[in-house]
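The same subunit A turns up in both complexes below, where it pairs with subunit B and then with subunit C.
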Partner chain A sequence: MVHGPWLSLLIWLPILGGVCLLLPGWRSAIFRRTFALAISLVALALSLWVWFHFQDGTSAMQFVERVPWIPLLHANYHLGVDGISLPFLVLTTFSTVLVILAGWRIIDYRQAGYFAAFLIMEGFMNGVFSALDGLLFYFFWEAMLIPMFLIIGIWGGPRRIYASFKFFLYTFLGSVLLLVALIYLGQRVGSYDLLAFQRAPLGLGVQIWIFIAFLVAFAVKVPMWPVHTWLPDAHVEAPTGGSVILAAIMLKMGAYGFLRLSLPIAPDASRYFAGLMVALSLIAILYIGFVALVQTDMKKLIAYSSIVHMGFVTLGFFAMYFMIGALTTESARMGVQGGVFQMISHGLVSAALFLSVGVLYDRLHSREIGTYGGVARSMPVFGALFVFFAMANVGLPGTSGFVGEFQVILSTWQASPWWSLGAALNLILGAGFTLWLMKRVVFGPVRSEAVARLPALDWRERLVLFSLALPVLVFGLWPAPILNVMRASVAHLVRQALTSKIG
Partner chain B sequence: MMSFSAVAPEVWIAIGVLGVVGFEALRAHLPEHVLKTAIPATALLALALALMEALFWNGASQGVFYDGTLVIDAFSRVFVAAACLGSLVILIYSIGDMERQGLGGGEYYALVLTATLGVLAIITAASLLVLYLGLELLSLSLYTLISIDRERVPAAEAAMKYFFLGAIASGVLLYGLSLLYGLRGTLSIESLSTGLAVTGAGAVLAFLAAVFVLVALSFKFGAAPFHMWVPDVYEGAPTPITLFVATLPELASIALFVRLLVSGLHPLVRDWSGMLIGIAILSLLIGNLGALLQSNFKRLLAYSAIGHVGFILLGIATGTRQGEIAAVYYTLVYVLMTGVAFGLLLAIRARGHDIEAIDDLAGLGQSHPWWSLLMLFAMFSLAGVPPFVGFWAKMAILRALLGAGLPIVTVFAVLMAVIGAFYYLRVVKVMYFDRTDHPVVARGNFWNVPDFILSLNGVALFVLGLVPNALWALCVWAVRR
Partner chain C sequence: MSRNWTSSRASRMMMLTLSIVLLPLAAAALTGLAGRGLGRRLTHAVTITAVGVSWVLSLFLVLRVLHGARLDRVLYTWMVSGGVRFPIGFLIDPLSALMISVVTFVSFAVHIYSIGYMKDDPGEIRFFSYISLFTFAMLLLVTANNFLQLFIGWEGVGLVSYLLIGFWFEKPSASAAALKAFLVNRIGDCGFVLGIALLLRETGSLDYSVLFARAPDLVGRMVDLGFGLRLPALDLIGILLFVGAMAKSAQIPLHVWLPDSMEGPTPISALIHAATMVTAGIFMVARLSPFYVEARGALSLILIVGALTALFMGLLGIVATDIKRVIAYSTLSQLGYMAAALGASAFAAGIFHLVTHAFFKALLFLAAGSVILGMHHEQDMRKMGGLRRHMPITYVTFLIGSLALVAFPGFSGYFSKDALIEAVGHSTIPGAGLAYPLLVLSVFVTALYTFRMFFMVFHGEERMDAHTREHLHESPWVVTLPLILLAIPSFGAGWVLFHPLLGGGYWDGVLANAAGNHALAPFRQETAWSFFLSAFGSPTFYLMLAGIGVAAYGYLLKPAWPAAVADRLGSAYRILLAGYGFDRAYLWLGTTVAPFLGRLLWRRGDEQAIDGLAVNGTANALGRLGSWVRRLQTGLLYQYAFTLVAALVVLVFWALIRTSGGV
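Coming up: the complex of A and B.
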């Protein structure tokens, strides 16, 4: 066991860095940029350090920090990571580095504020993933909204104000019910310790209300159909960096909430609502898949594709309640593991896709699919990368997208072959909308003079896209490192989720 | 000697009033520049001495003094200190602006001091009579302060409105108090709480008295449906006075509720808590929905104040100690947040005139990053979003509501908070998202005393949000029995 304030550093270092960026007196923009990049790199190094010192075989929390925070409420500043939250810490720090690199030259309007907002948000997001106290969790969960609201509103597209308000109010509305549920639990249990919440016996009636409150918060964040409508707007209007963080990290928080709070705290209610959850997941997978098919805006298409992929995640989590027979535990674990892996993979792939669209947008200032065509001729390297990420999005074997989806489909079979079939149908649908996008944008005849004269990727763009392509490929071929890290924690979670708390 | 120290803060302030009035009387004989320093200095010094006195109040001097008219307990100590500090800070924020508008005469300082004196009397009242006197002293000072700019028609209108409605409310309160006196035969608030008849013929009278008291207190607090004066007064009064009206009377109001309703009328808690929940719910609705429609910033803050009063009253309405603590905590936090919002309005001026419309703030994010950041702190704090202290205030109320077994009211309250978030976000939007060619002008140089204190005040919203325990614990200590 490693001790020391490593998680605190991961939270507060970026926040302090962001605050420093906002101070007046910087000599020039290049200093600020370099400083922002340095801070984000240090955070990445810290998270990798935590990753390499993490012990695999246990589901216990590691790197635990615990000091009294609000003694009056018995709330503690309690941090720790297990195999489920650890990968997301690394994903967060990694994405932030990419976002800062991607905004290096593109953002010219109040650049310091842009970088500061992302660094501060990075700190808050790390806080969400490492908080083990209900109030602390909520504290970071909500605080995160402020920088994102500003990012969309200040640096966004033409309808940025509408999108930023919709984003904030939607998620705020969901979150306040989460707060009510957390306060209720806190009074009942006598502290706000999430692990104590998980152990506390609760009757079915109470669990149902708690589950509903959690569901509203997390479903908005995931987002699940029918509360997904903020996502396309937010994604389309956000600057590229904002879209990347939204897709790669923020969407994962909803699913993470299900894992950390809903399933272990209200397992019986989870079983009670599992049918609803599976139905919503399948609707997201199939119906939103068709919606994605008809989009003419690249960012919107990827946004809808995100909803589809998150549908896989929630399906993987909740299908376990319908499994019967000897293989239940095994399959349930596989489903959850597949869901978590899908979250990580989607974090990489969607970030890459949004960055790719950003590359095109920076050149022609259009996200319309119709503007492009034959991009591969003028930008061969970019075309190859874009297609590679698209394949990962489809779930081609050999890319990270395959591993999670395959596990989910395989485990869902244990619950119902029909659901499995429905989910698998999406592979066709997903291939449909993604490959069609590729056909229209990357291949085909060169659409216009402007496309023909598209400048090739510069070194910075190459660096960003290749550093995303690498993990997508590596974890596609060799998913073991991530699976090993989470195995014990997932097993523990499945045990909690399948054990009744009543009586 | 011991008995003198019980009123030491009040005495200092009274001396301050006399000093200010004395200087003003000598106006013909003293040079202008002497008056210009002496009068504010006297007022500030009086408040500072009162604050010191309250902070270092001798622990031995706790108890009831002067034949049961004044009580010094933990609540008195915390709130007397808060009121003196608040008054001091408000004066520091507003002096510059009042001078600029030519309203910085001695009467302004004298009235602020008498208003503060009224607040202190309410806070330390142990007898119904002192309570009423304090309230009248505060109210009369406020009526005059609001109309201090004689030439300004909206101010006169607001003052008249406030005066007439306030006079009715005072009458209602007095009637309620006389009923209580008739029932118990004593003016002591403490003895009300023991043995107020809750059965038989007296019960009806006691219930009636509770209704009268509740209506009057709700009026003073600006709770719906007795809120009509709030938007007009906020908008009509000069901004420095609005700052005063928006903060100090809130401290007095929570003191009224704690002293008279929660302690004094505790035997009737069943009667008034239901009514209070109704008033609170109505305030939340009217405050939050009303604020959505406002384009004037001061009016927006007025409606938002009504909404916040709704939250505070929910805490009182639970009738539990937890709820009382939450309400007290919320009030202190609210005063802190409002101080930042109005203090910033004084610090920045739009194109030579006071900030009136929300749109006057356009472009503030670029022209004054620091002030706009503090305004952002205030707005998100008022909306109840962490990491700001406003979140903990809301959380305390929600916790008390759940603890009292009122889950539906809790959910209603959080939904109202979401509506509230919308109009606070609008202010942030105007500051940061809108771009303008006519940016706001900030006053003078940055490193002056008012701006420094304002900055501290703003940063406190964030720091107290990170470590909320201390202020909260202070409130727990304040309402201990």
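Coming up: the complex of A and C.
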């Protein structure tokens, strides 16, 4: 076990860096953005350091830090990571680097503030993934909303005020109940230790209320149907970087909440509501699949596609309660692994898709599909990359997008063949909305003089897109490393989730 | 000591296999990433050398396999999940070795041909990179020792097929055909993935060796689907997997993408949409023969679907006027034959026909491509005629391909197809009685559409415009050499392969046979020569002659007759022209029903029901807040907003501390 304030560094270094950026006295913009990039690179290196010093094969929390925080409440500054949260730390730091690179020249209005917001948000998001204390978790959970709210509200599109408030209120109102539930648990257990919450015996009635409170907060974040309508608006108005972080990291928070809080703290209520959760997941996959098909705005289409993919995640988590027979535990593990892998892969692929749309938007200032056509003629390298990411979005084997969906479809059969079928229908629908987008934007006759004159990717754009294509390909060809890291923690979680707490 | 020796021999065999599979990938990667730096010539050299070496190595592999060498080895573990290890690994046995040599040979010929065919195309380098990538994916598919890798290769060839159908992506019809091909294949994949899921659940593994060992345990096991629906596990798995094969190998009703795939460059039609990729479904079923022989219900379905495809797709070939479409319908029909052989549990006959078909169909497509080159990219046969005088090599090779296709005695197609039909006749799988007459009738149809095409293109009056006629000449050697290369096995493969493949000596038990079914028994004692002689006593021979005769009458002697017949047939003719309406049905589903549903759910569901009603109150409050904040925009929204939110958080914590402090 490694000791030392590594997680704290991952949280506070970017925040401190962000604050420094806001201070007056910087000589020029280039210093500021180099500084921002340096900080984000250091954070990435730190998270990789943590990744390589993490020990597989145990579900115990590692890199634990624990000092009293609010003694009056028995709340501690308690951090630690396991195999489930670790990949998300790396994903967060990696995405932040890309976002800063992507905003290098594009953001000209208050650039320092833009970078500062992303660095501060990075710190808070790392906080969410490493907090082991209920109050600390809630603090980071709410705090990360502020920078995102500002990013949409200041650097967003024409309807940014509407979108940012819709985003903020939707998610903020959602999480008020989370706070109530955490306070209740804190009172009852006598501390805010999440691991103590997980161990605490609770009656079904209490669990049900706790589950509902968590559900409201997490379902909004995932987002699950029918509380998903904030997402398309937020994405459409957010600047590219905002969309990337929103899709890559923030959407994972809700699913992460299910794993860290709902399933282990309220396993009996999870079983009680599992039918509802599965239904909502399948609705997300099928209903939203059709909605995505008719979108005319590229960002909206990808936003809806995100909802579909997150449906696989929640399906993978909750189908386990319906599994019967000898293979239940193994299938349940496969389902949860598939869900987590899907979260990671979606983080990479949706980030890449939003960045690709950003590349086009920066050139023609339109997100309308109808503006484009024949982009591959003027931007062949970009066209190849865009199609590659689309294929990953479609879940083509050999890309990371395949692995999680495959695991979820395989494992869900253990619960019901019909749910497997429902999920598998996304093979058709997902290919439909994604590749129809490709047909209209990348392929086809060159739409206009402007499209014909589109400048090719510059080296920075290439760097960003290729550095996303690499992990998408590598983890598609060899997903084992990520699955090995999470194996023990997922097994532990499934045991918790399938063990009754009543009595 | 001896263990070391065998393991080092296995290692050498693994190295050989890996070289064959990875060489085309390396070539594809190199030319795909650095093609523009390499230039045309180096791109040709790199890709052709890689595939050529792969082909030569594959011959060594076949030799080793003939000497009894086998390989079943894991390269690396893709993942471990749900207590199951999913490996990437290779299986070399008579079946995969045969497939490897066919794939690399046809690919090699097509690579050479493409130098001539794709000359002057601005996307030439991209094209070569794609076909090398395709070769890799196809090899990955046929060498897999487990279902996961098969599926990776399966989707890999699908991807390259998509990219190549849409190769001329600026043509709206090309990008539409690419999308259609991918989507229809995805319908198949949907069944395929579910089949894999059920397979995994019932056997606990996706490795072929484990599956085959456990298949007998599944006999009699039922799968409960709910709603009182209980089906035999084996049949359900077999059918679900075959749904995938139906899309890939273009069986009714998932065949609709293949005729449209002709939008791609002609070398692709030869390599992907005739010789190799479309046979992947046939290969998959044969690969799983130890499994399928226990699933008789699934076999019956395959048999019937195959026979229907063979006849009804052949009929469409009679009315098509685009030369590539005629050959495409013929491919559909021949794939139906192969599927019928599989369904009759005559797996060896199905694979035999797959092999001969790969040669003569690749030949026909490439020869058609040579014609299209000569005609300045005209594909309408009504504007051709009399080409035999201008393109002698193309003419002769096309004739060899045609004779092989109609199963003229002595040509490769005769040995495989007549054996196949006879095997179906001897089969005891339910449905064989229905399939047999359909297949026999198709012999007439095949001969009719093939020689209709042949006469329309090469004989009769020259119907092209004067300009085209002036420039008519034989294609360059890079085009005609592959034609000759392919003409050799199109004629001779039957003589060489008949006895080993159908006598059963070659397979060494790799292809199973259903219990009590003796579809292939008649061929045990036959030699190629005796089988050749038996042709003239068989009714199929005279049906084939009749087909050629009718074609000769209508397209050589009485050119006005076909139109009169079409008139007389009226609505039947129109049904054929419309391809039985499949395309319209899919089009309606895809462009009318699905978007309608999408708009309904979006406008009525998301916008009206959820946002409009449920979020209404909140939305109003939101609006008011919004307008309030908008006034602040004159100042620094940034700071105001930050203060607002920070204050909210502080408030919450303050309240929290107060309430808990009291406890």
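Keep this in mind: the second predicted complex is superposed on the first by the 503 of 503 C-alpha atoms of A that agree within 3 Å, B and C clash if a C-alpha of one lies under 4 Å from a C-alpha of the other, contacts with A are read in each partner's own complex, and residues count from 1 in each chain.
To be clear about the criterion, contacts are C-beta pairs under 8 Å (C-beta built on N, C-alpha and C of every residue); 3 or more make two chains touch, one makes a residue touch a chain.
Since we're looking at a predicted model, the values are computed, not measured.
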Original post:
A:31 contacts which: subunit B (first), subunit C (second), both, neither?
Top reply: neither
**OP:** Figure out whether A:414 sits in contact with subunit B (first) or subunit C (second), or with both, or with neither.
**Re:** second
Original post:
Is A:177 contacted by the first partner subunit B, the second partner subunit C, both or neither?
Top reply: first
Subject >> Contacts of A:478 with subunit B and subunit C, given as first, second, both or neither >> reply: second
**OP:** Quick one: classify A:290 as touching subunit B (first), subunit C (second), both or neither.
**Re:** second
Subject >> More subunit A residues in contact - subunit B or subunit C >> reply: C
**OP:** Report for A:466: first if it touches subunit B alone, second if subunit C alone, otherwise both or neither.
**Re:** neither
Subject >> Intersection of the subunit A residues that touch subunit B with those that touch subunit C >> reply: 70, 72-73, 110, 135, 139, 142-143, 145-146, 149-150, 153-154, 161, 165, 168-169, 172-173, 179, 183, 186-187
Subject >> subunit A residues within the subunit C interface of the complex >> reply: 70, 72-73, 110, 113, 135, 139, 142-143, 145-146, 149-150, 153-154, 161-162, 165-166, 168-169, 172-173, 179, 183, 186-187, 226, 229, 287, 290-295, 327, 330-331, 333-334, 337-338, 374, 376-377, 387, 391, 396-398, 402-403, 406-407, 409-414, 416-418, 420-421, 424-425, 427-428, 431-432, 435-436, 439, 442-446, 477-480, 483-484, 487
Original post:
Which positions of subunit A touch subunit B when the two form their complex?
Top reply: 22, 24, 69-73, 110, 135, 138-140, 142-143, 145-146, 149-150, 153-154, 160-161, 164-165, 168-169, 172-173, 176-177, 179-180, 183-184, 186-187
Original post:
Given the complex with subunit A, which residues does subunit C contribute to the contact?
Top reply: 76-84, 148, 151-152, 154-156, 159, 162-163, 166, 169-172, 175-176, 178-179, 182-183, 186-187, 189-190, 193-194, 196-198, 200-201, 204, 223, 225-226, 590, 594-595, 597-599, 601-602, 605-606, 610-611, 614-615, 618, 622, 625-626, 629-630, 633, 637-638, 641-642, 645-646, 648-649, 652-653, 656-657, 659-661, 663
Subject >> subunit A contact footprint on subunit B (complex, rising order) >> reply: 365-366, 369, 373, 380, 385-387, 391, 395, 398-399, 402-403, 407, 410-411, 414-415, 417-418, 421-422, 425, 428-429, 432-433, 467-469, 472-473, 476
